[in-house]
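Paired with subunit B in one complex and with subunit C in the other, subunit A is shared by the two complexes that follow.
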Partner chain A sequence: MNWSKLQNVDRRVLYVILLVATSLGLFLPSRIPNDPEPAAKDLYALLMQLPEDKPVIIQSDWTNSTRGETMGHLEALCRILMSRRIKFVIYATADAQAGQVALNVIRQINEERKKAGLVTYREGVDYIYLGVFPNAEGAGQNMRNDIRKAWGTRQTKVDGQAGRVPVFDTAVLRNMRSVSDASLMVVITASATIDVAVQRLSDKVTMACMSTGVVAPSLLPFYQAGQLKGFAGGLRGAYDMEYMMAHGINYSPTPGQEPKVTAEKFGEIPPVPEGKSFERAARYFGTLHIALTLLILAVVMGNVGMFVAKKKAKGGNN
Partner chain B sequence: MIELLAQAPPPPSFWNRPPYSPELYVMVIGTIILGLALFFGLTYAPTRLKRPIVMTFTFLSGLFYVLLWLVPTPLKPKEPGELPLNPVDAAGIWFSDALPRVADVAQILSAFLLGLGIFSLLTIHIRKINRKQTDWGFSIVLLVSMVLMLGFGYADWIMKEFRDPLGLLQDSSNWTFVNQMSDLLFDGILQQMDAAMFSLIAFYILSAAYRAFRVRSVESTVLMASALILMLSLMGGVAYAWGQGIDALVIGTGNEFLNNLKITEVANWLRTNMQAPAIRAIEFGVGLGALAMGIRIWLGLERGGVSA
Partner chain C sequence: MDYTLLKLFLGVVFTLLLYSVLYRENKAYRFAEHVFLGLAAGYTLVVVWRDILYVQWWQKMMGTVADGAAPAMPGYWVYAILLPIGLMGYTIFSKKNNWMSRIPIGIILGLWSGQQIQVWWNTYGPQILNSMRPVIPTTWESITRPITYTRGEGGIKVNLAPERVAEIQSNLYFTQALSNFIFVLTVVAAFSYFLFSFDLRGKFLNKFNTFGRWMLMIGFGAIFGSTVMARFALVIDRMSFIWQEFFGRLLTR
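Our next item is the complex of A and B:
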């Protein structure tokens, strides 16, 4: 066999292999054993220990181009908050489509909960959608200065009532006088909007992030500095969240059984008490394994081909 | 008491007139007239004046945020209507009150970019259709898609926001034709095409990694080894199985040092001690560059920032 040919495989062959291989991932089991990342454990523990009487602020800056990662993040976050009956306010910055995409996720989870006979979240009562703030820097600075003035002109529909009311007249934000009155701010992003949010708000409110795999490395300095209390990065982060939603941390369903997820710094953090846990990320996680394996094999193959070709060339010279 | 105060309207100031008051209407009308005059005035400004005008606006906009940062932020008044202690306190309160309005202006200006984009798109494609330029059929598809999305999008929004007090349309089983069409156009077509376009990157990454990721030097070997470890750590199943193997080895040998060889530990060490410091260093450089560029644009030294 001519091994040196390995370094010159036609790219169309690679494309076909990728297409077939990633499609095979759909048939892999969706409950792959896992050891979540420390930052994801921090985020899950934080979410499960939030007080129920304070709202959470969600900045959702993603669209379906990154849904493999960020849609799983928002779904996991909503499922946790809804299962714990924590109210939230959600808005988008920069991308005009991001708001509608986030609303679609909330609607789908509500429908899923309704089918399961669980309590659904009502607009203006359990959550508020603030709309899109096209200028992320201005919005962040404004929230820092005075949240009542920053969001004071925004109105919302209240489920069961005609017309729209100012957002601070609703049960969600009635007691919020500054951004510090939120128990947590989570930025779900596929871009650098997390930098803008951290720069302006991380000393005012507890912050966490859920981002694409591409953005995740840039979160490390913020996480190490304590500006982010936890984060879930990429599809792995989304699966980490779903895995902990199903198994908790240091949690044994029956006495004597080994916990599936352990972390020394926490006590027992239970799984989510109701609703789905494994969902979107679990469906895609097998495919991620296959795609990365393929990538590693392709790199190895190219290098083997190169070494063989080099060896042959040396032999020829001798 | 605190909750009552929270509900109280903010005290009137230059930036915040009482709702529905005559003075508010006068200010709104005055601002519209001033805005229109400014808008048309700028259109007729001579070319040689355009650059100084842009520079002046840029400087004033930047000056606001510089002063906001320099002037000490006053403490929140303990009682509504409490007077400032001194001129610095008064200035701080004024800037603090002005910030929401300035931020609103920034939001509106940013939103105008969307309108500008639509205007530009319409101009280009209508001209292309009129002149029957190459691929003018695609321009028709684009304009028809745009009109459909706008029409169904607005109709859907009006129905959900103003004609559905009971929130029935929150459940897709209650949707009408308009809601279904809006969802089909936005979520069923546009967003799916968006996802499909983005997923094409996978093909290019695979092809590029195969062709370019070659071990030709010590540096590229280190880079490839790091990438391999990080990729393996992203595969939860592999990391878990590796971890289980190490656990068994630790139990068998009694050597706890082996725990450090878990793929998650090695990957975390790489991230914490190699990746994060490198990113931090890059961020410092980017920050300094942005600061220098910001000062140059603010002071009108950067031609690109203030070209009219």
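Our next item is the complex of A and C:
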């Protein structure tokens, strides 16, 4: 075999192999045993222990270009909040399309819950969509200074009512006087808007993040320093969340059975009480392993080819 | 007509058109790229007016009539001043009048500069404080920190006595101290790599500097790995969109 040819495989062949392998992987059942990251455990425990009478602020800064990761994050977050009947307010700062993309996810989860006979979330009653804000810096600074002024011009539809209502007249935000009145702020992002949010708001409200794999490494210093109380990064983070939504933390479904997820610093955190747990991330996670295996194989083959070619050039035996 | 299916079909067609660039640069790819750019620009224009300018500027300037539970609001003409200030930004395209564009830019820079002390401290303050970690163990009772819980018969966690838990948590055990030492060493070594103001002389300082560079490279490697994983996730999602969302709906129609 001419090993040196391995260095010159046409990239288009590699693309075809990748597309075929990832397509086939989607149809294989995958429930990969998992030990979630400590940061993801913190995030899940935080979400499952939130008080039910305070709203959560969601800053959704992603669009369809990062759907593979961040859509799974928002879906998991919505499923947890809806199963616990926690009200939330959602807005976008990074991209004009981000707001509509987030609304599509909420609509999809509502349809899923309706089919399962569960309570659905109503606009203006259980959640509010504030729209898009011009830039993350200005939006964050205004929220820090006076949230009533920052959001005061926004109105919302209220399910079952005609016309629009100022957002602070709704059940979601009626008691909110400052950003600190929210129980948690979660930034779902595919860019550096989390840095801006941390700079402006991390000392005012408990903050967490769900981000793409590209952004995730930059969150570690924030997490270690306590600026973020938890985070889920990339597809792995989305799978971590779904895994804990199904299995809880330190939770034994039947007496004597070992919990699937353990963590020393928490008590018993149950799984999500209703609705779906394993979904998008579970579908993609097994396929990700196939793709990464292909990548490792390609790197090994290329290196073997290079090694053999070098040896040949020096006059060694093949 | 099933509009959702039509929407999904268009999504599949444009996904394939965009992926055609993997074979080679072609007109179909360019067409899809321009359609996306045009759609994004048009969509952004609408959102900027609807979500930002209309509610935050136009309505404040013109006032509003009562609508449902929203009361009538008087208009304030003073908001009109923002329009010429904003438009001055566009004079940057004029050679004769581009000095005017510095006025809005100056206002924005001034506001931005005023926030920087708070921004800097909120970013780095907690991280600097967190870097000051103890590296000397406070107890040799055990090498690692004892587990602070046990499991009962039902598999449910049972805590130790609160006094014992508090004692364990207040101590620094050897493995924790070692972990802190590695952290502090990495921080200092990585910083030392950026000391360009003077020559690093001596074997120790040079080795320490090299160690810092290695630590940085390991960090960059981890970031690159995470980025590759993220890109794969995007491909997987596109394949899922085609096979599971589009064909799934087509076949179950």
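By our rule, the second predicted complex is superposed on the first by the 315 of 318 C-alpha atoms of A that agree within 3 Å, B and C clash if a C-alpha of one lies under 4 Å from a C-alpha of the other, contacts with A are read in each partner's own complex, and residues count from 1 in each chain.
Just so we're on the same page, contacts are C-beta pairs under 8 Å (C-beta built on N, C-alpha and C of every residue); 3 or more make two chains touch, one makes a residue touch a chain.
Values in this document were obtained by computation on a predicted structure and should not be read as measured data.
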In the superposition on subunit A, see if there is space for subunit B and subunit C together, and answer fit or clash.
-> clash
With the two structures laid over each other on chain A, which partner does A:R154 touch: subunit B (first), subunit C (second), both, or neither?
-> second
Contacts of A:R236 with subunit B and subunit C, given as first, second, both or neither = both
Which partner does A:R164 reach: the first (subunit B), the second (subunit C), both, or neither?
-> both
So, does A:G267 touch the first partner subunit B, the second partner subunit C, both, or neither?
-> second
Subunit B versus subunit C as contact partner of A:N145, first or second or both or neither = first
Partner chain(s) touched by A:P33 [first = subunit B, second = subunit C, both, neither] | first
Thinking of the overlay built on chain A, is A:L295 touched by subunit B (first), by subunit C (second), by both, or by neither?
-> both
Can A:K312 be said to touch subunit B (first), subunit C (second), both, or neither?
-> neither
Who does A:S65 touch here: subunit B (first), subunit C (second), both, or neither?
-> both
Looking at subunit C, which part out of 63-71, 99-107 or 153-161 clashes with subunit B after superposition?
-> 99-107
Going through subunit A, the residues touched by subunit B and also by subunit C turn out to be 15, 18, 22, 65-68, 96-97, 133-134, 137, 141, 153, 161-164, 169, 213, 217, 221, 224, 234, 236, 288, 291-292, 295
What residues of subunit B sit close enough to touch subunit A in their complex?
-> 2-3, 6-7, 10, 65, 96, 99-100, 102-104, 106-107, 109-111, 113-114, 160-161, 165-167, 170-172, 183, 186-187, 190-192, 194-195, 197-198, 202-203, 205-207, 209-211, 213-215, 224, 228, 231-232, 234-241, 243, 264, 268, 271-272, 275-276, 279-280, 283
Which residues, counting only subunit C, touch subunit A once they are in their complex?
-> 19, 22-23, 40, 43-44, 46-48, 50-52, 55-56, 59-60, 67-70, 112, 115, 118-119, 122-123, 126-127, 129-130, 147-149, 153-157, 219, 222-223, 226-230, 232-244
Subunit A to subunit C touching residues, read off their complex | 12, 15, 18-19, 22-23, 25-27, 65-69, 71, 96-97, 99, 131-134, 137, 141, 153-155, 158, 161-166, 169, 195, 198-200, 202-203, 212-214, 216-217, 221-222, 224-227, 233-236, 250, 252, 254-259, 264, 267-268, 280, 283-284, 287-288, 291-292, 295
Interface residues, subunit A side, partner subunit B - complex = 9, 11, 14-15, 18, 22, 32-35, 37-38, 63-68, 96-97, 100-101, 104, 107, 110-111, 114, 122-123, 133-135, 137-139, 141-142, 145-146, 148-150, 152-153, 157, 159-164, 168-169, 174-177, 213, 217-218, 220-221, 224, 234, 236, 239-240, 243, 285, 288-289, 291-296, 298-299, 301-303, 306
